[in-house]
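Two complexes are shown next, each including chain A; its partner changes from chain B in the first to chain C in the second.
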Partner chain A sequence: MKGWMGKVLNVDLGSGAVTTTPLDMDMATQFIGGRGLGARLLWDLVGPEVEPFSPDNVLIFAAGPLTATGYQTSNRFSVSTKSPLTGTVLDANSGGWWGMHFKRAGYDAMIVRGRAEKPVYIEIKEDGVTIHDASHLWGRTVSETSEALGQDKNKRSVLCIGPAGENRVLFAAIMNDATRAAARGGPGAVMGSKNLKAIVVEGKTRVEMDDKERFRFVQYESTKMLKANPVTSQAFPEFGTSVVMNIINAIGALPTRNFQQSYFEHADDISGETITEDILIKNTACWACPIACTRLTKTSKGEGEGPEYESAWSFGAACGIHDLEAITNTNYICNDLGMDTISAGSTIACAMELTERGLLDSDLRFGRADLLEQTVEDIGYRRGLGDELAEGSARLAAKYGAPELSMSVKKLEMPAYDPRGMQGQGLLFATSNRGGCHMRGNMLGSEVLGLPKLIDRLQVQGKAGYVILHQHSAAVLDSIVACKFANIAIAEEYFARALTALTGVSYPTGDLIKAGERIWNLERLYNLREGFTRDDDNLPPRLLNEPATGGSEGQVSHLGPMLEEYYRARGWDANGVPKRAKLEDLGLAELALEVV
Partner chain B sequence: MSAGHTRTVRLLASLRSFAGTKALTVTTGPDPTVRDLFAALQREHPALAGRVLTGDGGLQPGMQMVVNGRHIDFLDGLDTALPGDADVVLIPPTAGG
Partner chain C sequence: MVDERVYEMFREIGRDMYVHNLVSSHGGNISVRFGDRIIIKRRGAMLGRLKPHDLIETGLEKNDSGVALASTELIVHRAIYKATPALAVVHAHPRRAISLSLSRDEIIPIDNEGSYLLKKIPVVEVEFASGTPQMANTIADALRTYKIVMMRGHGSFATGQTLDEAFQWTDALEEVCEIIMYAHAMNEQMIEYRKHSDSYKNW
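For the complex of A and B:
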């Protein structure tokens, strides 16, 4: 067996049993690893009768065949579970070092079941797995826990939750290597519900390769492409992810004040250019990543990482705030408490609008930078109003009688692109299997940046095909597992060649993309089995009815015709259910019998 | 030259650090188009123009120009008119998000 390690670790926190089972290789070749493998395992293990915080829900940590090989950005892993925020299938994906150490400890995946009676942490080494008491760590922040458990990125990697996960904040993150986050959809809350504080890994076993010489040659070619590409070699290292702030604002697609506008007059104050000029210490990188987009920054209160684009937006434009110091400090706090910054900021923005409309009695108002840090702390510890915000914007807005003010899809808060100014992005958000998200595919390159080719962002007809391609590509990258930023310079063909050389399994590019389609359809089936319908493939009414501002002035999202085109192009019926012929083509027909 | 004969172009990302400024104002003549703006850039800021434009006055691959929120590819290209209040933005190859 090459590429994969061939083993799945099973930990039952209820009984304390630890076992190892062989990786199902048929499943692995069909669903690859990471997100795909996680979705396939979740299908069998967690049915509609299981509540997200039930001991019967599972956490699946999965590396991919590329993980730990040294291939560019091969540091990543995914966490799959049923989301407590959305109720959908969920995987959240993270970089850093933990994924590499986990796989080198000898495993492709780990399934955590049950609930411990008291707080515990798991220690994984090549010579054994131990469950330890973690009572002394409960209540401690991510940085405190990481330090207490001996975080050392070169040999011992700590993954943990902070107080937000312990308190079951519905958008709590799982953090690793202190500052990396598997954040969206609340996997940290599931971990907290299991009384699992941390997972520490140490591993040195090298991944075996089928054709090492060929693999290294593809790697050499990939390095050259990353170096030759101005985006991966210059733009990311120099300005980080927030460099798109001014660009998105220039086209009128920067959601502002809870999406009431799509142009923020102070965007430059929170842009990548200003971050680089005012607070950047240096850029840093995850393991085996030559891109190095991470920002190590400082404020008058301390040092940390970020803010990334989405965080600078969620605590910034979304809240009508342009105080970079306050935004950066809030981002540090959010990371240390272990929360998704997009959902945290967007939920605060929702509360600000509820307050300004007289529906909620609070001090939160757009522009109140002075309240940001305290509000995020209150969410993490579920204090006062923070306890209500910890449920996310959809539940908050519904509670106060204005569900339409939650800027979410399937209860997951949308990221920093206004669908009124990027029609394809809106379709992507509406159809994302984990809710409003730009990491299940992203139209930023196609609709704005001209990567690989510029298409008209306001055009409606023909967008479905692009969206579907991006969704399949993202599913592949999340499963092999590699960083999507590498894909800016390295085409799918090279990943396919690397995977073939690594595993000895022939993965022509078309077959690899088809695996992405298989994964996407399986996730769709999972959500259908949970009771989701066509009605859930939607956008907040504001985006369909209220015109955008700035460079997209007058535009609304034309989701309806795009969605019909999308279902047809996918081989789904008018209700968004995959047709039998499509399922047979993807090898999912038998699996789908209980749904379709 | 009256103020109506000048246009300001905003610079983003690496173009900002290259030029050392957030925006440049160039003299274009009356009723300018993007083509006139690029010609003015070549006259008045040749180093920046060399980084952004091709020899025949178009945008280099990967460079984007946005006028009032719209990429010029979906307006009239080099013939896109630039009214006096136009928001003109020059964007180098980049990504993020």
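For the complex of A and C:
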């Protein structure tokens, strides 16, 4: 079979052993690669007895069959582990160049086990893998580390953690190519716990294709889709992902001041239009990406990347702040220390509300832009109050007696879409396997942008079906691996045809989506094995009880009926446990029947 | 109880199908999947004049009293939902497409819009082409790979996330076929303007 490289790299940091094993091709065809392959390997390797910071936890870096082929956005890879923030199955996903170089070094995946005695970094080349001392790099920022290790996107990619990962900030990111982040759920903290500072890759081996001519035709047709779609051909390149800021705000779904409101009166100040007008130097792109949504920006303090939509929101509307300069500088710092901007900003917003309610003694208040940069630095280095914020909003709010003020699901902070104004999005957050997240499926297309067709964002009946489809589709994208933004224009049908032409394995669209369902159910089973229950498929009470404002005035989330429909539609029982028939249908019965 | 917004969607798509000559007065049927339930047009109801009581709810897998009222093609709709990620199905009797299906095993658009949207529409054939398990399985299997297929001499089945989307493929198919017929009737040498046009056959 083509498309896959056929090899898995195993690195044991405890013993220093480096081995290569063949990729299990049955596993690969069923779970594809990236997130799916990661979840399947994690199922075997990390059981409920393993703590996230135990040497027995693993980090799985996985490319997909599409990675490095040149297909649109085929630059991505995923990192799978047990999350220290949520305790759930986790994969975080990143673009850039590292994934392409990693696969071209000859591997589909790498499993990192154990813990090094002292800081190390791994160097992967086609002629060998070496573990080097990294003591001189420990404590250095992402940009410093990337430069020291010779970051050159065209031939040598550096993936590393910053001080936040070393200090085990629970939402620390793994950064690659200096500014790309695999951030959600804290994989950087797991990397820090292993004393692993960086992984450097160089590779030039081309991916073999089963039917190159057919693959290139699918790619050609996909190009038409990207060019014809105004989101991918105009809005994202010109304004970045923040182009949706004003759109989301207008419908009353922009969470504001820790979700106390869903309309931000200063949204335009942090919008894509303002970013382009005031601070943009130019837009840039990951490898093989024609969309180019990345923002290269400048402020009075320097140049950097971002903010993209979620970051502009988390340090902006979520904190009641509309000082774009402060938001952008904070985003730079967050990237350089290696942290998830969504969790960082949302945790600060939580602290602001705790303070304003008199539950926390701090200077943090909504609108205090002057404190943003220092607060984020304090989190990364775990200084003062930053040490408490580094635990995330759920632990922070619980500690100060108001757990309901954490705007999180399964302890993962929710992103910039208010479930009261987008009913399906609420169900999506509540059921996401890695916690409150918009990248395990996103209703933005269906409920707001009309992609492929607009559905009523406030409708409840039938929403489960859309959510499930988007969840499966996202699992596929994360496994093949391609960017969700390509999927805005390119339908699943095209990815299925590209995968079939690439691998020689027949993937009709329906079967590919079913692979996404298999991955989703395995992740669910993983969480059930960890002790998660139906009670964890929930939203903060504020969203169920306190009415939204602005364009969604008076709305609350109707999670209950949607969740019931969701379980039924999935073939799960009323407790959210997959039924035996579902496991048999997905080929998971032999693997996981004891869990149900 | 079917949400009023769902009825509105059925009413508008059904009316448009009739107005666009995609069905005769009592022909065709449409459905959506809501979780483990299907909402489908009532048997014998007129797509162009759907009333709220013309929307019948029944199980995706399990029968209930709804099956006594549902469209005769319920079996096909169920098979499609079980075999594909579709959330909506549109079945029409587009006259030009039916005509072309009588002489072709696949319909390959020659116009730009049709090439862009559909690439290729396969034509499938079964002995008993209405409401049979054989037909249901054949259609559902083809829709695993294509978003719209033609049953020879009978009509089209299209899938989508919404009725709107499945209707779009259906209407686009009929436009494709109309253009093919016009071009054929003109009997002039066609100037190929599409790069890689031969590759559509392999779609």
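The rule is simple: the second predicted complex is superposed on the first by the 595 of 596 C-alpha atoms of A that agree within 3 Å, B and C clash if a C-alpha of one lies under 4 Å from a C-alpha of the other, contacts with A are read in each partner's own complex, and residues count from 1 in each chain.
In this text, a contact is a pair of C-beta atoms (placed from the backbone, for glycine too) under 8 Å apart; a residue touches a chain by one contact, two chains touch by 3 or more.
Treat the numbers as computed from the prediction; the structure is a model and nothing was measured.
**Student:** Classify the contacts of A:Asp456 with the two partner chains as first (chain B alone), second (chain C alone), both, or neither.
**Tutor:** Both partners.
**Student:** Is A:Tyr121 touching the first partner chain B, the second partner chain C, both, or neither of them?
**Tutor:** Neither partner.
**Student:** A:Ala464 in the overlay: touching chain B, chain C, both, or neither? Say first, second, both or neither.
**Tutor:** A:Ala464: touches chain C, not chain B.
**Student:** Looking at A:Ala416 after the superposition, I want to know if it touches chain B, chain C, both of them or none. Which is it: first, second, both, neither?
**Tutor:** first
**Student:** Going by the contact rule set out at the top, does A:Glu565 touch chain B (first), chain C (second), both, or neither?
**Tutor:** In the superposed model, A:Glu565 contacts chain C only, not chain B.
**Student:** Just to be sure I read the superposition right, which of the two partners does A:Tyr332 touch: chain B = first, chain C = second, or both, or neither?
**Tutor:** A:Tyr332 sits against neither chain B nor chain C.
**Student:** With both complexes overlaid on chain A, does A:Ile513 touch chain B (first), chain C (second), both or neither?
**Tutor:** A:Ile513 sits against chain C, while chain B stays out of touch.
**Student:** Just which bits of chain A does chain B share with chain C as contact spots?
**Tutor:** Overlap of chain B and chain C footprints on chain A: residues 456.
**Student:** Can you check the complex and tell me which residues of chain B touch chain A?
**Tutor:** Chain B reaches chain A through residues 10, 12-14, 16-17, 22, 62, 64, 66, 68-71, 73-74, 87, 89, 91-97.
**Student:** Per the contact definition, I'd like the list of chain A residues that touch chain C in the complex.
**Tutor:** Touching chain C: residues 213-214, 217, 220-221, 224, 228, 446, 452-453, 455-456, 459-462, 464-466, 469, 472-473, 492-493, 496-497, 508-511, 513-514, 565-566, 568-569, 571 of chain A.
**Student:** Which residues, counting only chain C, touch chain A once they are in their complex?
**Tutor:** Touch list, chain C to chain A: 2-3, 5-6, 32-36, 83-85, 87, 116, 119, 143-145, 147, 160-162, 164-165, 195-196, 199, 202-203.
**Student:** Give every residue of chain A touching chain B within the complex, in rising order.
**Tutor:** The touching residues are 229-231, 234-236, 238-244, 246-247, 250-252, 268, 272-273, 309-310, 415-417, 421, 438, 442, 444-445, 449-451, 454, 456-458, 485, 488, 550-553.
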